[in-house]
Structure formats: C-alpha cells, structure tokens
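Below are two complexes that have chain A in common, paired first with chain B and then with chain C.
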Partner chain A sequence: MIRALAIAAGLVLSLAVTLAVFGLPVGHSMALMAQGAFGDKLAITRTLVKTIPLTITAMGIIVAWRAGMYNIGGEGQFVSGGLAAAVLANWLIPSSIPGWMGLTAMLIVSVVGGAAWGGLAGWLKTKRGVEVVISTILLNFVAIQLLAWVVAGPLKDPAGGVPLTLQLPDRVMLPKFDPQTDLHFGIFIAALAAVLTYAFLYFTRAGFRTRLVGEGERAARANRIDADRVKIGAMLISGGLCGLAGGVEYTGIAGQLGTSFAQGWGFLAIPVALLGGLHPFWVVLSALYFGALFAGSRNLAGFTEQGTTIIYIIQAAAVLGLIAIGALSFKKPILKEAV
Partner chain B sequence: MDLAMLLVYAAPVAMAATGEVVGQKSGVINIGLEGMMLIAAFFGMLVAYTTGSAGLGIAAGIAAGIGASAVSAWFCVRLGSDQVVVGTAINLFAIGLTGSLFRARFGQSGTLISLPKLPAFHGIDPVIVVMLLSIPAIWLLLSRTGWGLAVRSAGEYPKAAEAAGFQVMALRLQACLIGGVFAGLGGAYLSIGVAGSFAENMTNGRGFIAIAMVTFGRWKPAFVFLAALLIGFFDSLQYLMQAIGVQVPSQLLLALPYVVALLVLVLVGKGSAAPASLGLPYRRET
Partner chain C sequence: MLTVSKITKSYGALRALDGVSAEFREGEIHAVLGENGAGKSTLMNLLAGFTKPDSGSIKLDGKELPVGRPFECKRLGIAMIHQHFTLVPGFTVEENLALAAISGPGPIDSRELSKPAMAQAEALGWPLDLAAKTGQLPVGAQQRIEILKALSGESRVIIFDEPTAVLSQGEVEDLFRVLRALKQDGKTVILIAHKLREVMAVADRVTVLRRGKVVGEAPIGQVTSDRLVEWMVGEIPPLLQKNADTKYREGLRATGLSAKGDRGERALHGIDLEARRGEILGIGGVDGNGQVELAEVFAGVRSYGGGLEWEGRPFDPDSRSPRIAYIPQDRQHDGLALGMSIEDNMLIEGHRRPSLTAGPFIRRQRLRQWSSGLIERFDIKTGSAKARADSLSGGNQQKLVVARALDEVPDLLVAVNPGRGLDVKATEYVHRKILDARNAGAAVVLVSTDLDEIGALATRTLYLSRGQIVEGEGAAALVGGAG
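For the complex of A and B:
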C-alpha cells in the first residue's frame, strides 16, 4: 500500500515536473487537466472511454510479459483485430443478421485476428528463434500499412471520398449508456478482461505455468512443463486481448476504420502494464490514471500546442523513475542474469 | 536508381546497425535505438536549422545520440535493469520529447522545414564516406584489438571476463556509447541528409529494422552493412516503382522493408552467432 502511494505521488510529481520543464504554469495546467478528466459527467465519461482500450490491451501485455515474452506488438494486434472485424462487417452490414449476433461475431473475430498476429510472433520465437521484441515491432508496421491499404482499397466505402470503411449501423455497435456521451458497454468488457486475466494468472494451472515459465524457464522445464507451448499460448492470449481491444474500439467508438484507427493504444499499454507491476488490479488503476491524463490533456491541448505528446514523456519518466528506485526489481517477469 | 542514392537511403539504418553491433557484442541490446535516432534527427535538424550549417547539425545529432545512450547505459549497465523495459521507455520518451519540442518551437505538428544540405561530390557526402570507413574500422576494433576481445568476452561470458581482469561494466558502457555515436550519426543524417526536413516520428521503425539487420548480418560489420543496403533498396522501391509507372498500392510497398526484415529473420533464425549473454544484465558479485 505504501508502495502504491509512493508510485501515485511519483506519477503526480513527474507530471508537475514535465509541465514545469516545458514552461507551463504547473498549478493552472494541472487544474485544467483535472477538470478535463474529472470536472463533470462528460469529463468522467471521456476518461473512462480512454481507459477501456488501455485496460484491455494492458491485460494482453501482462499475460505475454509474465511468460517472459516481450510483446511490443500490442499495436499491430489491436489493428489486426479491428481489421478482422471490418472484413466481417463488410459482409454483415448488408445482411439481415440480428444486431447482437453480428456484434458478438465481430468481437470474436477481432480476438481471432489479434491472436493470429500475436501467435505468429510466438511461433517465430519458439520455432525459429526470432526475438519477440523484434518480430512484434516489425509486425506492428506491417499491420499499420495493411490497415492503410485496406481502408483505401478493398474495404473502402465506395460512396465516400476519403479512405474510410463503411459506417457500422447502430444495431451492430456496442450500446451507449447515454446518447450524449461516448461511454459504451465496452467498459464491461474491459472489467471482465481484467477479472479474467487475474483469474487466469492466479487461479488456473495454465496461468501458474505461464508465470513459472516467465520466472525461470529452466525450473519450468525441469518440472516437465512444455515451455514453448506455454509461450505460444501466452502470445495467443495476449494477441487475442489486444485484438479484442481493437474490436471494442471499432464497435464502441470508431464505427468505421481509417488510418487514424492505429492511435497507439497497444504501444501505450506497455508502460501502463509496467507501472501497474504487471498485476491486473494495479494495472487497472494505472490505465485509469493514463486515461485521465489523455482526457485531461484535451483541455491542455486547447491551452497549448504541446498537448498529448507530453503524456509520452510522463509515461517514460515514470517507468524510468520506477526502475531507478528499484520498485520493479521483485515484480520483474524474468530472473535471468548473465553468468 | 544509382549506387550513391541507394547508399544515402540505406545510410541511417546502416550506421545505426553498425553501432548496434558493438553494443550487442558487449551483451547489451539497445531496444531504444529507434528513440535515440529520433532524438538525434530532431536535435540535428534544430541545430542545422538555427545555425544554417548541416555539419553542425550532424555534430549536434551525434552529441544527442551520446547523451541518450548514456542515460540508457546507466540503467542497462550500471543498474542492471531490464534492457527491453529501458529501451521501451527511451522510445516513448523520444516520441514525447521530440513531438513536444517540435510543436513548442515550430507551432503546428505538420510544419514543413527546409534544411541546409551537406556538401556532396557526385551524390557522395562526407557522412557517407565516414560510414564506408567505419565498417572496416569497427571490424578491426572488434576483431583485432585487445579492447575488442574484452568487449566480446563481456558479451559472451561476463563472469569469466571479470575473472580475467576485465571491467565488464566499463566495457559495456563504452560499447553502448559507441552505439550512441552511430545512432546519433544515423538519426541526424536521416533528417539532414536524406529528408532535408523533420517530421514527427520520422524514424518510422528504422531503429528496429537496424536491430533486425544486426541479427541478419550475424554480428559481422560487413554483412550487417550489406543487409542494411538490401533494406535500403526495398525502402527506395516505392519511389522506383512510381518512377517506372508500375501500379502497386503504395501502402504495400511501404510495408515491404518490414516484411523483408521479418522474412530474413525467419530464414536465418537466431543461430549460435549471437553473443551468449546478449540482453542479460550483469551484476558484479560483491
């Protein structure tokens, strides 16, 4: 608890220092950000809307990293999840399938799309020895270019002038709580993802094996655990969660895909997961904090040109600060060391 | 497409990868290479733009590369932190820092900037010459000097290196800083030499491709350079195809370098050429 408070204080401090370094009035900026994040009902819903994709992708990162698989490819998996759903949507929209059925199918397909992208990296690591860090990053760029091609070519809305896919009809969109705000039922999916990730890691045999492999492959192998299988499994789940995040963002907010669909959620999820110590409960809080920063920085963006790029600095400073004070040392997924 | 142009296109990746060979040989993988190149591209641009001198810009880029690698090395070597975590943080930091500073200095994020050019002879500028000379130099340094032997032992079996009287931490630190010099040179050359401008996040994965090329080139400077040339060729293919009028969706051509990098990694695998302790922190027993 003391550690959590120290981290929370550090996060606020790093925000203040970053603002000060860029010559912004600290108190005034922070008040503006707080107002943009929690000031009224609209602000709170904005924070939660940003927290949804961050939470789901960060859960994906947790599972992979806990298995010692450094999945940096959340972004590519997010995009491929959205793309898979969009391919299905192209066929669903003109059909007369009931909305709930179409929506469920799109979400499932998005999980499959993300899992395929993540599983590919897992397979490359275990069978071909290609480092996950490198393969997932390269796959990110491939997915992003694939998205750019698909929305401008095969899946482009023929009626529109700009590269966007067909607009999803409301019946296959995730329902909203209130037509005035953007907050959608994806928040339940995010909460469920967090609970299931926690249950998987701490209450299932497969989750136990995942953690064991991440903490020491030799010990795991000595206990006759097929480490390669566990690693591929972790990458499938990780990719599946990131793909689900893409599906939720598509059916909850975007409604159609364009190049701006790759907004960096999968990338930002990594520091969110790290700051939460790779534990689902703390990661949800971490996702909330960064969701609030995003929502709050909207206010700041109106105030100065720096806007959202500042958040990257805060994230990086917070991660490095956390390492420096050694807080990560006993939550690190690997215990490997040079001999 | 002539050779000089190919060299120019390939240079940022080639230089970053050459420096990364030194770092990886010492046992440190620099996931933050992308970010270091981006920081160097920004500060190189800023100094070249303000002073009107491309040479000063390149120098500023190198200084920025050294600075960024010093921070990274302090975490990865001195503190023995996880190299992937530190590198990821450096990359985030670079995007945030360069994006924020660019907007603070030039207003809009899409502002076009025109930079002074490096002096060139038949398309070959001094940085290209330095790059071509640095490849045999790095090979000599790593394979034919006592320092190189010490660095390689630090990357293979650091405990034995320490027992043999080498200072593993100091060696890794020096290797990281050399990597930073080249990352800085490559990044600054990207904005000043190749693009003649700066755009947010302009490195666009070149740092990661450089890391992949180190694996592809089996940690041998000459092979790594050839691998970078190959990627440079695929990178320039989009312009070539447009020039000869072949109709291929440009987005797929843009994806080509990444696909090629991935495919060659699949084909060559990791193999035994990798330094045995690559990516593993070393902690001295006290």
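For the complex of A and C:
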C-alpha cells in the first residue's frame, strides 16, 4: 500500500515536472487536466472510454509477459481482431441475423483473430526460436499494412469515397449508456477481462503454470511441465485479449474501420501493464490513470498550443521515472530483459 | 612460490574451505583435484583475489597477497584462465588482446597494445590471424587467446579452471604442450580438474580436495589413480552386490536404455537395471558420465530410447502410477522458482493433486493449509508462506524441495546429490527422509558423486562410466570413467 501511494505521488510529480519543462503553468494546467478527466459526468465518461481498450489490451500484455513472452505485438493483435470482426461484419450487415447474435459473433471472431496473430508469434518462438520481441514487432507492421489494404480494397464501402469499411448498423454495436456520451457496454467487458485475468493467473492450474514458466522455466521443465505449450497458450490468450480490445473498440466506438483504427492502444498497453506491475488489479488503476491523462490532456490542449502529444511524453516520463527509481523493481528481471 | 596456509571460507552454514594449506612451486604443474563442490573453485577465486578468506593467509614469495583485490593480484602476476572465456565474440583477435592491455582513458592503438601478446604467440609458435572475428574461431583457438592475454601481463602464476572441459581430444593434447612449455619457462601452473586421466598425464603434483578439506597431496609419481579416486570420493563401499533378495517388489526396469545429453551427445547407452520398491539403488561414478541424464530419464523430463517399464507396464511419467518425486541436483534452478513465493513453489507439486484442485481451478484455502502444514512438519525456517523462495537459506530451500516431493510417499523417488551444499544437520535430515520413503515402499534411485552419501543410504550400487554401467570392483571400476 505504501508503495502504491509512493507510486501515485511519483506520477503526480512526473506530470508536474513534464508540464513545467514545457513552460506551462503547473497548477493551472493540472487543474485543467483534472477537470477534463473528472470534472463532470461528460469528463468521467471520456476517461472511461479511453480506459476500456487500455485495460483489455494491458490484460493481454500481462498474461504474455508473466509467461516470459515479451509480447510487443498488442497493436497488431488489436488490429487483426478488428479486421476479423470486420470480415464477419461484411457478411452480417446485409443479413437478417439478430443484433445480439451478430455482435457476440463479431466479438468472438475478434478474439480468434487476435489469438491467431499472437499464437503465430508463440509458435515461431517455441518451434523456430524467433524472439517474441522481434516477431511481434514485425507482425505489427504486417497487421497495420493489411488493415490499410483491406479498408481500401476488399472491405471498402463501395458507396463511400474514402477508404473505410461499411458502417455497422446500431443493432450490432455495443449499446451506449447515454446517447449524449460515448461510454458503451464495453466497460463491462473490460471489467470482466480484468477479473478473469486475475482469476486465471492466481486461481487456475494453467495460470499457475504460466507464472511458473515466466519465473523459472527450468523448474517448470524439471517438474514435467511442457513449457513450450504454456508459452504458446499464453500468447494465444494474450493475442486473444488484444484482439478482443480491437473488437470492442470497433463495435463500441469506431463503427467502421479505416487506417486510423490503429491508434496505438496495443503499444500503450505495455507501459500501462508495466506501471501496474503486471498485476491485474494495479493494472486497472494504471489504465484509469492513463485514460484520465488522455481525457485531461484533451481539455488542456483546448487552452494551450501544445497538442495532446504532450501526454505521450508524460506517460513515457512516468514509466521511465518509476523504473529508474526502482519502484517497479519487484518485476526487475522482466524489465531488465525487455526494456 | 605461492603458499596457502590454513585458509577457511564459509558461505552461510556451509564450509567451502576448511583449514586448507598448499604450496604451489615454480616450474611445476600442480593439479587441484576434487568433485564438484569440493572447494576447488573457491580456492582459486581466493588465489586470484576475487573473494576474501575468513581466516588464514596467502603469500607470494613470502609476501602477503592483497586478498579480495583481483586487479592487485593480477598486477602481482597471478592470472586466471576461466572456464567460460572472457572474450568479446564480436571483436577481432587483435582487439581482444588489446582489450586486456588497456590501462586508463585515452586513444587506443590496438596494434600497439596487442604487441606483448603477439610476442608471446610467436614464442609459443602459434600462428594468429589478428583480423579474425574471435567468436568464429574454434574453441581451442579462443582458449589460446585467453592464455595469451594472461601471459602478456608478465604473469608468474597461471591458474587454469577446468580448461579441458570445452576442448576436443586433439585440442587437449595441444593444451598440454602449452602447459609443459609454461612449466619449462619457470611459471607456476595450477590446473583445476576433475578428470583423473588428464591429471595423471600432465601434472607433476596433485592436491585433492573433498568437502573443503585437503585429503591428500603428493607428487604424481607416488600415487595411483585408485588412490586418487579414493581421496576424491571417499571410502569405496562394497560394489555391485547382486542382491537377489525377494523382499523387494518389482518397480522400475530399464532394458537397453539410451539417451542423449543437452548438446545431442550420446550420454547413455545399453543401460540395463532394476530399481525395486523398498530399496535404494545408488548410482555412483565420476560426475559427467551420464548420471544426471539417467536421473532425468527416470524423473520423466528427458526423452530416451530403449525399454523402460514400471511394474511391468510401459513407463509413463504423466500417469498416476508411478507417482514420481524428483529432487534435482540444482535446486536453485531446477528445483525452485526463486522469485515465487514458498506457497507457489509448493504448488509446483501441488497443482497436480486432486485434493488441492477442482477441475482447472486451484483451491487456495486448502493450498494455504497444506503449505503451512508442510512448513511446520518439515521445519522450514521462514516467517511466512508468502515469502519468496530466495529468502530461504540453502538448507531450507532443499527442505522445501524435499517437503514438496516426499509429503506423500511416492512410488519412485529420484534424488541427485541431495546432500550437496548442505551442512551436516540438514544433510542428515534429508537422508532420513529418503530412508523413510524407502521404508514406506518407494523405489529410490539415488544419484550421488559422494560415495559416503551412497554408502550411508544405498541398498546396492551401480557405477556409470561414459554412459554405461561398469562391472568391476573398487576404484578400478571408476578409473575407467575418470577420463
């Protein structure tokens, strides 16, 4: 608990320092950001909307990293999840399948798409010895280019002039709480993903094996645990969660895919997961913090000439600062190898 | 002359060196022989200044060495050739030689800096391709670069840490020629080894360590290999007694068993043996002759060829019968996940138990009860089951491994050097638990390089040499395998 408070204090401090470095009035700017993130109902929904994809992708990162598979490919898995759902949507939209059924099918297919992308990296690592860091980065490029091609070619809305897929009808979109805001039912999916990830890691045999392989692969092997299988499994789950985030973002917010669908959620998931110490509970808080930064900095951007890009700097500063002071040292071996 | 007198060095409760004295003379190849864990490496690290002794002194020509200061020791002429090379694989030979000679900041002229080492190479008649990438050279050639690095610093004492471990037969011969040349040159050559044949071939004098003590020291002409084996591994118990007693029940039976080692080499072949319920089968011999591979096959973690049966049916380590308990040699890596909690480490065994699981789930409450019960019964000294395994002392780490393995009586217990690195009390404790398992009807396979351990526990003993069971009596059986 003390460590959590220290980290929270460090985050506020790093935010203040970054603002000061950019010559912004610290107090006033932070007030603007707080207002943009928590100031009113609208602000809170904005924060939560950003928190949803961050939480789901970060859960995916946790599972892979806990198994010692340093998945940098959340973005590619996110995109391939969205793409898989879009392929299905192309067929669903003109059909007369009930909305809830179509939506469920799209979400399931997004999990499968992401899992395939992650599982491929897992297979390459265990059967071919290709480092996950390398393969997942490369698979990101493949997925992003695939997205660009698909939205301009096979899945392009024939009626539209811009490279976008068909707009999803409301019946297959995730319901919204209030037509005035963007907050959608994906928040339940995010919460469920966090709870299930926690339950998986700490209350199931497969989750235990996942953690064991990450902490002591030799001990796992010496006790007749098939470490390769565990690793591939972790990458399937990790990719599946990142793909689900893509499906949720697609059916919750975007409604159609364009090249801007790859916004970097899968990349941001890594600092979110690291800041939360790769533990689902703390990672939810970490995702909320990053979500609040997004919402808050949008408000800040309205009053200053600095764009929202400043938040990327703040995020990087926060994570690097925490690693440097060793507050995240309980995961030191992972950080040492991967960062 | 390098003199060591009454050196003692402890790591926690473990006495790595206990009152060790030795003399290393000029113009002599002096072998320090002993099994793994006997204290050889500790002694060499002390000589090279990497660690400090708890008591005792090290003198070079009557002057006290600056213990614990490796750079000072190196400057005084003590060089060490590590078993694992300290070369930069991506550098050229010249750059690696220069690297060793760099002193202080400033511009670097590799050609100039590598000159002394080059002169040495010439004197030894070694052709060197200075522009070659070091990592692409054969291992023997890389070792030569290590040796040149040591010689260029005007070293007088050169310590070789298991230099032949990585070499091929031809390269070993070359190395021996170098050792003899160094001796001719009046250097003091210290050779750490555990292969008898090599020591007999090249050394002038030998000191044998066992459990941190000097158990023997003699000119090589005055000892036989049998004597050296006895010094290394202790009193040789009666061997190969073919015990036909029927009170033992059928257990594990291997016929024509073979297996490959980690590097794909042939580690075991043509093994026929039986490990019956109610007995402890000791597997002895000099380390590195297939014992660990054999244990891993029985523990179900190494693939094998040939026949292996449990109670007359094909051996299936993943089935409920036999229930296998495994105490691996390297508890810190193979036994435990040091970064996880004690409870999680118990779960390594527990996650397979029906009583602690419900389908895919773990019953946390029962796990907690089970692990605190084990901590109490096996007397593991810790504040909490949630503490990390690396917070335990070595003895308590081993107790954790033993507790996990022997809480329920297994059908088959495979233990590799279970007493290694433990103090007397912890060793006794572990041995008692192994005897308990035997008495309860387990078939026990005890692999140990410590014949005292085998003598104390084993019902009968087989010896492995180069991956095969050797027939023969006494030390003679082991000498064959010592090469």
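Methods note: the second predicted complex is superposed on the first by the 330 of 339 C-alpha atoms of A that agree within 3 Å, B and C clash if a C-alpha of one lies under 4 Å from a C-alpha of the other, contacts with A are read in each partner's own complex, and residues count from 1 in each chain.
Basically, a contact is a pair of C-beta atoms (placed from the backbone, for glycine too) under 8 Å apart; a residue touches a chain by one contact, two chains touch by 3 or more.
Remember, predicted model here, so these are calculated numbers, not experimental data.
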{"item": "Touched partner set for A:A222, first chain B, second chain C, both or neither", "value": "second"}
{"item": "Superposition-derived comparison: chain B or chain C, residues of chain A touched", "value": "B"}
{"item": "Common ground on chain A, meaning residues reached by chain C in one complex and by chain B in the other", "value": "none"}
{"item": "Interfacial residue positions of chain B with respect to chain A in the complex", "value": "27, 29, 31, 75, 79, 81-82, 84-86, 88-90, 92-93, 95-97, 99-100, 103-104, 107-109, 157-159, 204-205, 208-209, 211-212, 215, 249, 251-252, 254-255, 258-259, 261-262, 265-266, 269-271, 277, 280-283"}
{"item": "Contacting residues of chain C [partner chain A, same complex]", "value": "299-301, 317-318, 324, 326, 328, 330, 333-340, 344, 347-349, 351, 357, 360-362, 364"}
{"item": "Complex contacts: residues of chain A adjacent to chain C", "value": "202-206, 208-209, 211-212, 215-216, 218-224, 333"}
{"item": "Chain B partner contacts - residues on chain A that touch it in the complex", "value": "22, 70, 72, 124, 128-131, 133-135, 137-142, 145-146, 148-149, 152-153, 267, 270-271, 274, 305-307, 309-317, 319-320, 323-324, 328, 332, 334, 336-339"}
